[in-house]
């Protein structure tokens, strides 16, 4: 890690050699693991370009003999892709926004502020994640029905604004690692909790906030069950539902189409991840300076 | 500017003291204020359904017909239900295997990615991607990887002289296949560990090096403690999440073969939606809740001994 | 409410009246509007022109309710969506004031999650898809509306015109609760690879084969064609979920339950013999794909289509895939699946049907939707999912030349005896019971247990379930 600070006397040939070997090992491991990890995606990509019916040959061919690019526009013909896409974007962005706002506030409270019942409440937060969804699905649906929200995006968008447990937990763990002295210094200057939260803690937490944003976006983007039961009008369907509709076709010959749709479906998540990566990198710079 | 700010705050503080509210109490109030989004959400969106599901666990509820009160009969039934024990055993085994393995693997990868290497961003993306891919594609790819004849796993095993087993078709091996499969999804934890690793102040390492600490020593004495909050997080989330494994068995094996992959949540789901036993399923859900709760509490309590919070925040009390 | 025909005309009088009127004649505003459609129904040699009647409301009271009719559709294809779109449009035109609101869910269990959630919340769809085996449980729990009163006064649907097997499958305690669109026996079809048969010099299968003839052919077809001492060509492949094993057990004369479904009879020799027979083809003869290899090839249908297997025990819906495979060069043909060695042939009944919600606020309209479907849409539906239509008068739709080639034209006569095409029984419990049995049979097919032991382990569990 901090090899640049090695004692000058130790920079012998042996050292350089062992360094190189070390780098080699690292790169090799990463490459091997990386390829292994990439297999699912590569296979999805290559299958999306195969002609109908060719997708289930065994042994499977990795690189299709013919690239059927038409599979992609074909998806647009089969389902109103752009409508679904738009709906997913709306729902997911709104949800991520809410999640970041509320989860960071709540996590800050758990990490920094002292109040009676803090530990108990925090465990309660954790506890809410332990209840399997099939049993709360029906009562939750009935509740939303009583609030007249069924059939709109509200059941999908509102809950993240009220502190989703996973993000709270994650952010709390990270906020707790931020040096308390910073807080103390700010308090001496007379800053209130909210300022500490917004001017100190948040900026230092860019990597983990970006992480939360990614996780939250993906969870929402991929969510299939909630849109299924809450959305009725097919114009409001999200893309997760829409892509699943391609599965309805009897006969597996449409695997390439499914794969093409899957590729387009995961593309925004990948893009978001790449963008958010820069935030993580910026975060490195910031945390590197502190302390 | 700070001057003015300080003055106004002192006045503000004075006002608080007039109201006979101590600093402690004020902090508590602010604490609750910040907490309010979650509190509201909990009360509105969660309490209702939770209470409802407790009530349902005491009924016979066929979903398409109104619930009928039967008291604790569902819970009693569980004690003599063989499939209940079997599914619990499958789930516990799987969790005990895949969570620790996953943490070690994710940490390893994160450490690798944290080295100063070229294209680290690219590698990061690569490792995260599997988590992005939806169930159908994953199921199909793994059906191929674990393929008895043509799968690459058995191919590599054959290179080493081991005859590969029937991973997905034979009851003895399917759960192991799932464990291996769980390692593909470590991307999320890699990201978390990476963010944690990058939060470790570099000067700490420098100081240790000057004191003569080697790589391993540095790792054990500095890295691990500094990222222990993240490890705790991943551990607890891993336990909570893995106990609720569902999609893999739903999509890939339907709980088989011979119930080898009958996960608890899958068995619960079948009761709820296939067998018109929502009441029994609700009871099962609360039993699972208790089990997870106990495990989490144990982990949380133990964390006081091994988790180090730089801010001095209390954990595990 | 069932006074849709408030005029006390007998059916014959009605027919005579309609025989005189031409299509789309609007009589005076006081009398009910009569819109007729003509359907040609060739029955043997004679051509009988039947007119189907759709009666609209007159001022005597609503014959149907206006408003939004909610439909929930499951597991469709684009062609079915088109069919639905056309039918819905036609329905709205025929019944002014009715708006059809259709929702659909993709294939898989998610349909029931949505349906049950909607029912539980008190907002069930008016008309929805049902699956075989669920009609009983749903009816028992009061979710479905009895259709028998409607059929009694319907001019065109008569109980004795309905296929008896369909009656059995969609009834509960004597009342009919679903209108089947069509039904298919399974597994009905033996697909075979003509090239492999030619190479082995064996005679092609035919619809009169027994299990023994099939087994012998399978043995003859199994070979190691490239000399690497591993079999790469098999005689037979089949799936081992409950549809095939029910077919084996039933055809051999056994059953899973006794008559009144109080006891598991899987341990009876006939049932055990059937299972062991087919398991032996895999484990002893080794002329059928084992589970490991079946896994490798991604399922029997796929394995057959790669050309590595001589015969495949399949279903009517495999046809689409097979036709596609033929275009890619697979030289296959099909015939009826073989009879048991005792000449028994009993199929499992798959079906597609509509049901009405018991809580619907538009019962007349909902009924109209599903009964008009029989006359306006089933003909198109049967082309997409070749199955036996509900009404005997529609059987001609199924008796096409193509279907005759596969031997399917013999199916209606086979299933005219309702004992030859069954649903498993035990209603709502079947799903769990089949899972218990499947867990044991999985072990039989990997060769870890004999059918005897498997049945002996499974039966007590099944009995426990039945008793609850």
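Note that the chains are named A, B and C in the order they appear, and that numbering of residues resets to 1 at the start of each chain.
Heads up, the rule we're going with is that contacts are C-beta pairs under 8 Å (C-beta built on N, C-alpha and C of every residue); 3 or more make two chains touch, one makes a residue touch a chain.
As the structure is a prediction and not an experimental result, all values here were calculated from the model.
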| item | value |
| --- | --- |
| Separation of chain C from chain B in steps, with touching chains one step apart | 1 |
| Pair joined by more contacting C-beta pairs (A-B or A-C) | A-B |
| Between chain C and chain A, distance of the C-alpha-averaged centres to the nearest whole Å | 42 |
| Whole-Å gap between the CA centroids of chain A and chain B | 14 |
| Multi-partner residues of chain B (each touching 2 or more other chains) | 63, 147, 149-150, 273 |
| For chain C, residues contacting two or more additional chains | 113, 116-117, 120, 296, 298 |
| Junction residues of chain A, two or more chains touched | 58, 138, 142, 247 |
| Chain B partner contacts - residues on chain C that touch it in the complex | 109, 112-113, 116-117, 119-120, 137-138, 141-143, 291-296, 298, 428-429, 431-432, 435, 438-440, 442-443, 446, 448, 461 |
| Contact footprint of chain A on chain B as seen in their complex | 2, 5-6, 8-10, 24, 27-32, 34-35, 37-42, 44-46, 48-50, 52-53, 56-57, 63, 109, 112-117, 121, 123-134, 136-138, 140-142, 144-145, 147, 149-150, 184, 187-188, 191-192, 194-196, 198-199, 201-203, 205-206, 209, 218, 226, 229-230, 232-233, 236-237, 240, 243-244, 265, 268-269, 272-273, 278, 281-282, 285-286, 288-289, 292-293, 296-297, 300, 309-315, 317 |
| Chain A to chain C touching residues, read off their complex | 52-53, 56-58, 78, 137-138, 141-142, 145, 150, 224-225, 228-229, 232, 234, 241, 244-245, 247-253 |
| Chain C to chain A touching residues, read off their complex | 75-78, 101, 103-108, 110, 113-114, 116-117, 120-123, 296-298, 302, 306, 317, 320-321, 324-325, 328 |
| Residue ranges of chain A touching chain B (in the complex, touch as defined) | 1-3, 5-6, 23, 26-27, 29-30, 33-34, 37-41, 43-44, 58-60, 101-102, 105-106, 108-116, 118-119, 121, 123-132, 134-136, 138-140, 142-143, 158-159, 161-163, 166, 168-170, 173-180, 183, 189-193, 197, 207-208, 211, 214-215, 218, 222, 240, 243, 247, 255, 258-259, 262, 265-266, 269-270, 273-274, 277, 280-281, 283-284, 287-288, 290-291 |
